[in-house]
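Here subunit A shows up in two complexes: once beside subunit B, once beside subunit C.
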Partner chain A sequence: MSSSSINVPKIPSAAETKQQAAEVQSQLSNSLSTLVHNYASTTPARVKLIDSFLLFCVLSGVLQFAYRILVTSFPYYAFVGGFGSTVGQFVLLAGLRAQVAPGRDSEFKAISQERAFLDFAASSVILHLFCFNFLG
Partner chain B sequence: MRLSAALAFLPLLFAREAPASLGIKQGKLSLSSPDGLSDASYTLDPLQPLPPLTLAEQTTLKLSFTVIDASTGAGVIPDQAHLLFEDTTGDESRDVTVSVGVKSSGRASFTLNTAKLPAALIHTRGTSNLTLFLSSLASPPLRPLAYPLTALTLSPSLLKPLNRRRHDLPPRAGEPAFAPQEELAHTFKKEEKSVGVIISLLGLGITLTPWVVLLGLISSIRPQTNPSALSSTSSLFFISLIALEILIGVYWVGLKLYQLLPAFIGLAGVSAYLGKVAMSGLREKRLKGQ
Partner chain C sequence: MRLPIPTLALIASILSVVTAKSSTGDRVLVVLESGIEKGDYSKFWKSLEARGYSLTFKSPKDDTAELIKYGERKYDHLIMYAPGQKTFSPALSPQSILHAQLDGLNTLYLLSPSLSPLNRDTFREYDLEFTDSSAGNTLISPFSSLASDPSSPLIFPAHSPLLSSSPANPVLSPSTLSGGPIVFPEAISHFAGETPYGFPILGAPRGSYVGGSGGNSNSTAGEGRKGGEVVLAGKMAGVVSAFQTRDNVRIGFVGSGKALSDKVWEASVEDQEGVTHRTANAAFAQDLTSWVFQETGVLRVECATHWSKTGGEVEKAEYRKNEEVAYSVSITQYSPSSGTYIPLVTPPSDLQLEFTMLDPFVRTPLILNSTASSAQGSTTYSASFRAPDRHGVFKFVVEYWRPGYTYLRSSTTTAVVPLRHDEHKRFITGAYPFYGATVSVSVAFVLFCGMWLGMGEERGRKKAE
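Up next is the complex of A and B:
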């Protein structure tokens, strides 16, 4: 039996590992920059506005929940009202984005963009009323 | 002479008669026991007080007498006939009063069987001064009678521990039962710790981060939008939405739900109408633009 018939997997050296990691990182950064560039160039301004509010709701909700976990739940109903408002507003904004973003015609034929905005406004007002009720 | 004799009797006419008093006759006190060893019998005589008596177990004390009007000797039915077992230590709360049965003829009798002592006598110290009390509300009034009989001692085997009363606890050494107590001072919870300035500012920065991000993104997006395209109806619609939010804030501060709802429903109706008009105009503009 000759030793050449046995395939021993080649163990990469430290330099090769480093090179591979750098390649992956550059690919990721390239993908990210392409995503951002495409988003900035193809997304309408109104959708970008909605996305800004979505990001705001996420950040606000995360901070409130982190405070609840790390510091205290007092006052509890204020936390419920505040966190609930961010989650609820996120859901309403996501629904509005789905109804006004480009490519929506196939799914939302019966609902115009203006009707979607009116629904969003009415739902938001009612959400705010419920959340203020929770504040106490 | 006749006048002076008549005048001599005048003081007697205006003199008050001394009221009659109750009395007893044929008074007899006897002790009897099954073995007969401590049997004794005494006749009640005010001039000869009775010797101290001791009641052992299985002993029976019998007292009998006839209540009379001391002046006339006639039998009287008194309104009150009681025997007072007065505690010799002077503790009035341990005195025991027992009623004596009096028949219609004025004859009275009292029996005390140590085998069936009244509960009030069981819980005493055992030594007492026995006194008979008689009184009558008859007309003409009769002076009541307090007749001390004898010093009576009950055998300790007949007695049970004294009933505890509210103030029976002995005072602590050197202190009376109700001494001024130590003044109570209010204690409040510790003052809340105040947070340092740096940590407060850090917390403020973290809290405002979402708003900073939002404002930053809006400012970068704003040039791409066309805010001047708002029509008058759209402006009115947004003003009505802002008014609804202000109303919700006012409700949170000072209104009740039943005060909010009428105004909220009215303003919501106005907003709905304004919104429909505004969005219809925007839709027409959008479709024309396409």
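Up next is the complex of A and C:
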């Protein structure tokens, strides 16, 4: 909080600083809550589902990479399989999200949601087969 | 019929003495040079015959004394008492004796100060340098000798240099060690080299020397120029030494042949301080001939087995890398009293097992296994270790080489091979996070599909409404 005033050359009084900090905080929380509220109210449920899966993929990938660095990468193919499945799933999900989210590009308008989901599911199944093969 | 106990004991002792025999054979050839009276050593010959040896006497010039005939050894042991002999018959030449020794002939050399150059050269082959002094070769001991005669040193077996290197030595028996002194009249001494096959048994007493006395001149030791130079003195001067080849052929050197004569055989002698001793020459002769003639200190490897600790106690032809391997070796000792091989009387604790491929990859102590020992009538040692992470042809090697004991060697070849393609572990513990991540993503995908389709149905229903 006080760090926001360090950049200001003229040293403000304590009350002023407090007031400013409170203002900044309220603005920040305001915009955050607006963001969350807007996300919650305007985003369709299916996109929220995609986003939670994306989050899961990112966390899983980060944990695996940390394990590979800190503990072991042996056998390397198992790491490639595990890490590849999270990355690949993330990419495929991102593709699906681009096709079904409300503000999607006009080039995807011709593609129906059912078609997009079918593409996603089929490619995911192939991805998982590859990844299990890599696990050894 | 009842016999009194002393009679039984006497019969038993006679029997045991008569049946006492060498582990390799009992035919002894004795070669005596012309100046030596066989009768002067009758007690020594009798003691050998009482122990079951058959003696054949020959002269050094005898052409019929072939040691090996038609490729067969004619004698198992040789007592060579011809120190001054300048020429030998071809059958007894140093070359043919050496040839017979390579074939298993044990030899006891009895020597005197009148050593011929031929013999001196021969003994150099055993890394023993005998004194060659113009002032005389006789060992003089001014402080520890017979009262009248400083050229008859008294040596106490308890001072043997053998005891410092191996306390449980097989050469000198405990009764000899605790007994009286040994008289070596007119002894020649030698300087022993550093060959690992030879070892000293008795050294000269402290204060004794060779040379310097000036032969017949009356000058005092080391002082007069006419007396000559002292060539060897004190502990450096060896009197009795032994040599054992890689093939366990045993050769003994006694600096004084007269030490076995009847005059000093279990005699009472008086030293320079007037103390009367009972000589231990008889006991010493018994100990030394027992050792040279392969009665004592004879060890044998009965069997060596190895097996996998994981796959039951079955001997395997090959082991996997990093497999737990167990090894055991059974060793026996020759017992001259029974003529059979028995468990070790004093089992050593310094045996090692080496698992070698050119170099030892594993070197581990062999532990005495008392339960297996009592069951098998032999002493069993065992060890277990993890096979190296390296494939190739390996050998289990046990080598035991101590002064006076048989050179034990046991070598068993085996192979260490990598895991076959179907023997690897299916899942590796360290990779479980990766397995878990892949499975969780797949499960999450299935859940995702289900929820996605469920949401679609709700929306469809809403649309229909």
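Structure notes:
The rule is simple: the second predicted complex is superposed on the first by the 109 of 136 C-alpha atoms of A that agree within 3 Å, B and C clash if a C-alpha of one lies under 4 Å from a C-alpha of the other, contacts with A are read in each partner's own complex, and residues count from 1 in each chain.
The working rule: contacts are C-beta pairs under 8 Å (C-beta built on N, C-alpha and C of every residue); 3 or more make two chains touch, one makes a residue touch a chain.
Keep in mind that this is a model prediction, so the values were computed, not measured.
If you put the two complexes together on subunit A, you find that subunit B and subunit C bump into each other.
Using the contact criterion defined above for the overlaid structures, shared-chain residue A:118 touches subunit B, although it does not reach subunit C.
Within the superposed three-chain model, A:63 lies in touch with subunit B and with subunit C [touch as defined at top].
Looking at the shared chain after the overlay, A:49 reaches both subunit B and subunit C.
When both complexes are overlaid on chain A, the residue A:132 reaches subunit B and subunit C alike.
Contacts of A:72 after superposition on the shared chain: subunit C is touched, whereas subunit B is not. Once both structures are laid onto chain A, the subunit C stretch out of 222-230, 258-266 or 456-464 that overlaps subunit B is 456-464. Taken together, the two complexes place residues 45-46, 49, 53, 56, 60, 63, 113, 117, 121, 128, 132, 135 of subunit A in contact with subunit B and also with subunit C. Contacts from subunit A toward subunit B in the complex involve residues 45-46, 48-49, 52-53, 55-56, 59-60, 63, 112-115, 117-118, 121-122, 125, 128-129, 132-133, 135.
Note for the complex: subunit A touches subunit C at residues 45-46, 49, 53, 56-57, 60, 63-64, 67, 71-72, 74-75, 78-79, 81-83, 85-86, 89, 113, 117, 121, 124, 128, 131-132, 135. Within the complex formed with subunit A, the residues of subunit C that make contact are 428, 430-431, 433-438, 440-442, 444-445, 448-449, 451-452, 455-456. In the complex of the two chains, the subunit B residues touching subunit A come out as 206-207, 209-211, 213-214, 217-218, 221, 224-225, 241, 244-245, 248-249, 251-252, 257, 264, 268, 271-272, 275-276, 279-280, 282-283, 286.
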